[in-house]
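Below: a set of structures, written as structure tokens.
Next come two complexes built around chain A: one with chain B, the other with chain C.
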Partner chain A sequence: MTRGFDTERWSGLEGLVLVAAAAGVLTREPAPLLLAGLGVVLLGYVRIAAVPEVTLEIERELSDSTPDPDEEVEVTLSVTNESARTLFDLRIVDGVPPALAVVDGPARLGTALRPGATATTTYTVTAIRGEHTWDETVVVARDPSGAVERRETVLTETTMRCEPELAATADLPLRGLTSKYAGRVETDVPGSGLEFASIREYRHGDPIRRIDWNRRARTGELATVQFREERAATVVLVVDTRSEAHVAPDADAETAVERSVDAASIAFSALLDSGDRVGVAAFGPNECWLDPSSGVDHRARARRLFATHPAFAPTPPDEAFFPSIAVRRLRRRLSSDAQVIFCTPLTDDYAVSVARRLEAYGHAVTVVSPDPTATGTVGARLARLERDLRLRDLRRAGIRVVDWGAEPLAVALARAESGWKQ
Partner chain B sequence: MTRTRSLALLVGVAATTGGLAIVAGISLGIELTDVFLGIVAALATIQGLRYVQRRRETPVRTTTTGDPEVRVEVPVPGADFDSELVAATTRQGQWGARDRLTDRLEQRAVRALVLRDGRTPEGASALVDTGGWTDDVVAARFLGADVSVPLSYRLRLFVSGQSRLVARVDRTIAAIETIGRDSRRETAGRDTSRTADGDADRVGAQG
Partner chain C sequence: MVPVSEITRLPTRTGTAIALSAAGLATLALAFTTASAAVAGLVGTVFLAAGLTRGSRRILDTAGTVFFLALLVAGVTGAGLEALLIGGVASILAWDTAENALSVGEHLGRETDTTRLEIVHAATTLLVLTVGVAVVYALGSVASGGQPVAAVVLLLVGVVALVAAVRR
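And now, the complex of A and B:
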């Protein structure tokens, strides 16, 4: 038995006892004196009240520990009193992972538990991408009068992993910077390909199917048709995961980092499908780097990375971040032929400077920017205006920008692409 | 335990023992007269009320558990500006916050003129200084131009009860939003010593 801490709930009872006793003495009536006597008994109880040692066995069960995104998962919490004493007033609040929202039933339980008895509560959470670990369960125990209270925490390890499939729901057009490997990005280099580039004089050894026979018929000269050579690109998807990027237009909406990771995972799949070599990096306090590569194993690695790496967690980071060091590190890792797709909500000017610096170092940069702004307040309107100016700034610097609003990414890409062609 | 408390405890124990002795029929030379009982009741009442008063000043202590059912909240872009605006309308830190608001809006106006209207940074700054960047005299004056705000606008604002600062910031943001979109854009050389008459507090609405 330990005392816990006083809740001060019965503080002031002494005063009422004295007033009742005074009334009894003054009126010489036994009733107020009897009331004062009862008060003294209660005061005595409050003085010696204590909460027994809380020894609980807590079990947590998930209906599905590897759900798909947006799937509802039922969580069953069972609490057993393992001590030899009855817990008269027990309040249990489960440590739901901060990124998950409870959609049905409170994640808490209020009960009294006899020794060996078990109480159960059930609540439902909606799964979102990521690896979610339950925090400590908070247990608050009080004595029956509520005069003393104690707080304990019990850790029951439970993890839910939600790994969305990488689906190429949008095709991302790349810029001209390519590697030496064959691929789908049209270059200005004449050679074999699909799109006509030029006609040059026939040289010994040119393939016979590339001879311009019409010209031969007209002029009698041999000429060779050249196409724009198609090569593969090396692309690094950089996701802005700084605390500045953890913003959302309202409490229920996806955060900009979640949408940026969605965009990166869509782009990853699309680029891998078209034969490009793709890498992943996080621009934030939690370091994350996946070397550009291709193949089935690489896809599986990236899927796991997007879902479980702490850098891509939907909750804002607590660690300190030194952006200029991060930019230098990123630059060192980028090969000279690497393009960059920078997924950022552009909520501050630093994101613009990162894109501009990478472009200046020769990495063709495309910015995919999920729009997290709202219009509800004066500040929100200003933030929208500022973001619009940053988009213009980037476009002016020759950087391709995809401004992604509430529509599907494919629609935003199609709109942006038509703008690039003009 | 302090000396006063020890003394009070001693007196209390002695009084209780005396009381019990009287109840048991031992005469201590004290008569339970009305006056004596009145004094005892008054002392008990005063002490009781002191305890009650102390209770009123003591908050109940309990464990707070937060809301684990709710997702972690992230800010809405622009929330920092809204907080600054609130700070600027309260007495504490009013002037510093106000200066920061004006500086930020001025920078955005210049940047909008450069990026949306194709002006040079110097030209844009000069335009903001003279107020020629907007038709809205309230916005122009808020960013430092020497133009007079129409009386009708001031009266309307007074009647509406809205904060002057919030209304001016709102107008200024609206004016910056229209940069590059407004076909009735003022030119750099425009005379800025403008006044409005009647209800028109937008200079462009006068024509």
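And now, the complex of A and C:
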């Protein structure tokens, strides 16, 4: 995009020249006429101004293009004048990705450049989870008098990818819905396992190890001990990424989506470690679906997904969203034995209805809800009350809820677990 | 979260310093003409400083107008030509650098190092004005031999019309 236009900063100069000349005529003094003459010279200087031709080469260098989260990355922007003319007035604003915060040094440059000369500026950004692409650099060039300027945008491809490690820092207890595979979730199904469940009459073919020999000695009857069978679960982590979920208690705090993704990645890792099959889905305008599976490859896939999928971007989505279609699609994809862990800040009633509908279709739902509310104003306190009511609604419907405030997730889980009925 | 560096969209410090020095010089030059012009120059400097602190283009333009009136007053009262021309150059330079500092501040903010840009801008303006003064002064001393003022004025009007008609 290129355009040149008048800055109109010298408009009105002609008038002043004529006023000075008139004053000279009326008073018959030479001094005002000389002033008018000076004005005419200036007018000529302004009038011969031509829109400067801009041919620039812009390079951007990152000190680390795959940093860890919260690491500071130094960005060096160098601008070279490739044209044959001097650029007297060059102003450059770099297109820092919207999700990155510049913490040190300006991402802007103002200078005069001789042909072939290079100017550089260095600034520091803090890396956060995601794939960040730099926008176009805006270049404004003016002629020496500043009467005309040209605006251009130059695109220099630079991408920074920041993928956090998946760390299982908290164990998420699952509900009773399981698959047919062996795992670590205790079910009410009697069979082999660790925890005692019941004793029943011996049937032909029961393993000898599980015969209750004490009873046999006491009464002479054969009986079989049954344990609670341990099975693996299929879990789908659903993250609320609607624009309603992009909320934070204050401007500097992490948004609820960020924390939801954190919770989901912790849960993913913990569940995968305990042998469950885990999938990932986003509930928002950007579609994202990772089939439940297990294994090392699956972990790597999920790590990349959490880090770079546009659905989990730290900035709110612009696209239109049709929630009922999204719920239907999600439900079709969920296998009948799949549990759902729904990470949502519960900022509106729709999130509640999604959780209740999934629960009603037989997917045992656990809601992990990062608390984005504040107490600063009356409105904020009202929002907090409304959210509390939504939590109560969910609990009444038999859905497990983890209300996650400012504490680490493990603490919130431990507190929530003590309140759940076994 | 880490504190984010904000952009202060106010006139840059370099430009402010140059503009205020030029305005001071203009006031000093006007002090050698008449008392009323000197007072007007002082008022203009105050307006310029106010415009630069507030970041207001309107106040800067007011300052420029006040300077112009001061020069005009000094001119019609028949003050010394040299002091008047120095005052003229200095006040144009003051307004130009102040307005430039304002626009650079709006584009790039106060935190960016723009010293080079602004010094180059001030230097080119100063160069053009110096050449202009030399030309005008030379013409003035040649033409002061009693030509009718009307002819000079018609010449001026013609040049203005010509310059205004030049297309960029």
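The criterion applied here is as follows: the second predicted complex is superposed on the first by the 417 of 422 C-alpha atoms of A that agree within 3 Å, B and C clash if a C-alpha of one lies under 4 Å from a C-alpha of the other, contacts with A are read in each partner's own complex, and residues count from 1 in each chain.
As a working rule, a residue touches a chain if its C-beta (ideal position, glycine included) is under 8 Å from a C-beta of that chain, and two chains touch if they have at least 3 such contacts.
Just so it is clear, the structure is predicted and the values come from calculations on it, not from any experiment.
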Self-check item: Partner chain in contact with A:94 - chain B first, chain C second, else both or neither
Solution: first
Quiz item: Between chain B (first) and chain C (second), which does A:117 come into contact with in this model arrangement: first, second, both, or neither?
Solution: neither
Exercise. Please work out whether A:47 is in contact with chain B alone, chain C alone, both, or neither, and reply first, second, both or neither.
Key: second
Exercise. Using the superposition on chain A described above, determine whether A:108 touches chain B (first), chain C (second), both, or neither.
Key: both
Quiz item: Is A:33 contacted by the first partner chain B, the second partner chain C, both or neither?
Solution: second
Exercise. In the overlay, answer first, second, both or neither for which of chain B and chain C A:385 touches.
Key: first
Exercise. Could you say whether A:25 touches chain B, chain C, both of them, or neither, answering first, second, both or neither?
Key: both
Quiz item: With the two structures laid over each other on chain A, which partner does A:254 touch: chain B (first), chain C (second), both, or neither?
Solution: second
Practice problem: Figure out whether A:300 sits in contact with chain B (first) or chain C (second), or with both, or with neither. | Solution: neither
Quiz prompt | Shared chain A surface residues [contacts with chain B and with chain C] | solution = 7, 9, 14, 16-19, 21, 23, 25, 28, 91, 93, 101-102, 106, 108, 140
Quiz prompt | chain B - residues contacting chain A, complex | solution = 37-38, 40-42, 44-45, 47-56, 58-63, 65-66, 68-85, 104-105, 108, 111-112, 115-116, 166, 169-170, 173, 176-177
Self-check item: Residue numbers on chain A that touch chain C, as the complex places them
Solution: 7, 9, 14, 16-21, 23-25, 27-38, 40-45, 47-51, 88-91, 93, 101-106, 108-112, 121, 126, 140, 144-146, 148, 252-254
Practice problem: Give every residue of chain A touching chain B within the complex, in rising order. | Solution: 5-9, 11-12, 14-19, 21-23, 25-26, 28, 91, 93-96, 98-102, 106-108, 123, 135, 138, 140, 149, 151, 246-251, 255, 314-316, 345, 347, 372-374, 376-387, 389, 392-393, 396
Quiz item: Which residues of chain C touch chain A in their complex?
Solution: 1-5, 7, 68, 71-72, 74-76, 78-79, 81, 84-85, 88-89, 92, 96, 99-100, 103-104, 107-109, 111-114, 116-117, 120-121, 124-125, 128-129, 131-133, 135-137, 139-140, 144, 149-150, 152-153, 156-157, 159-160, 163-164, 166, 168
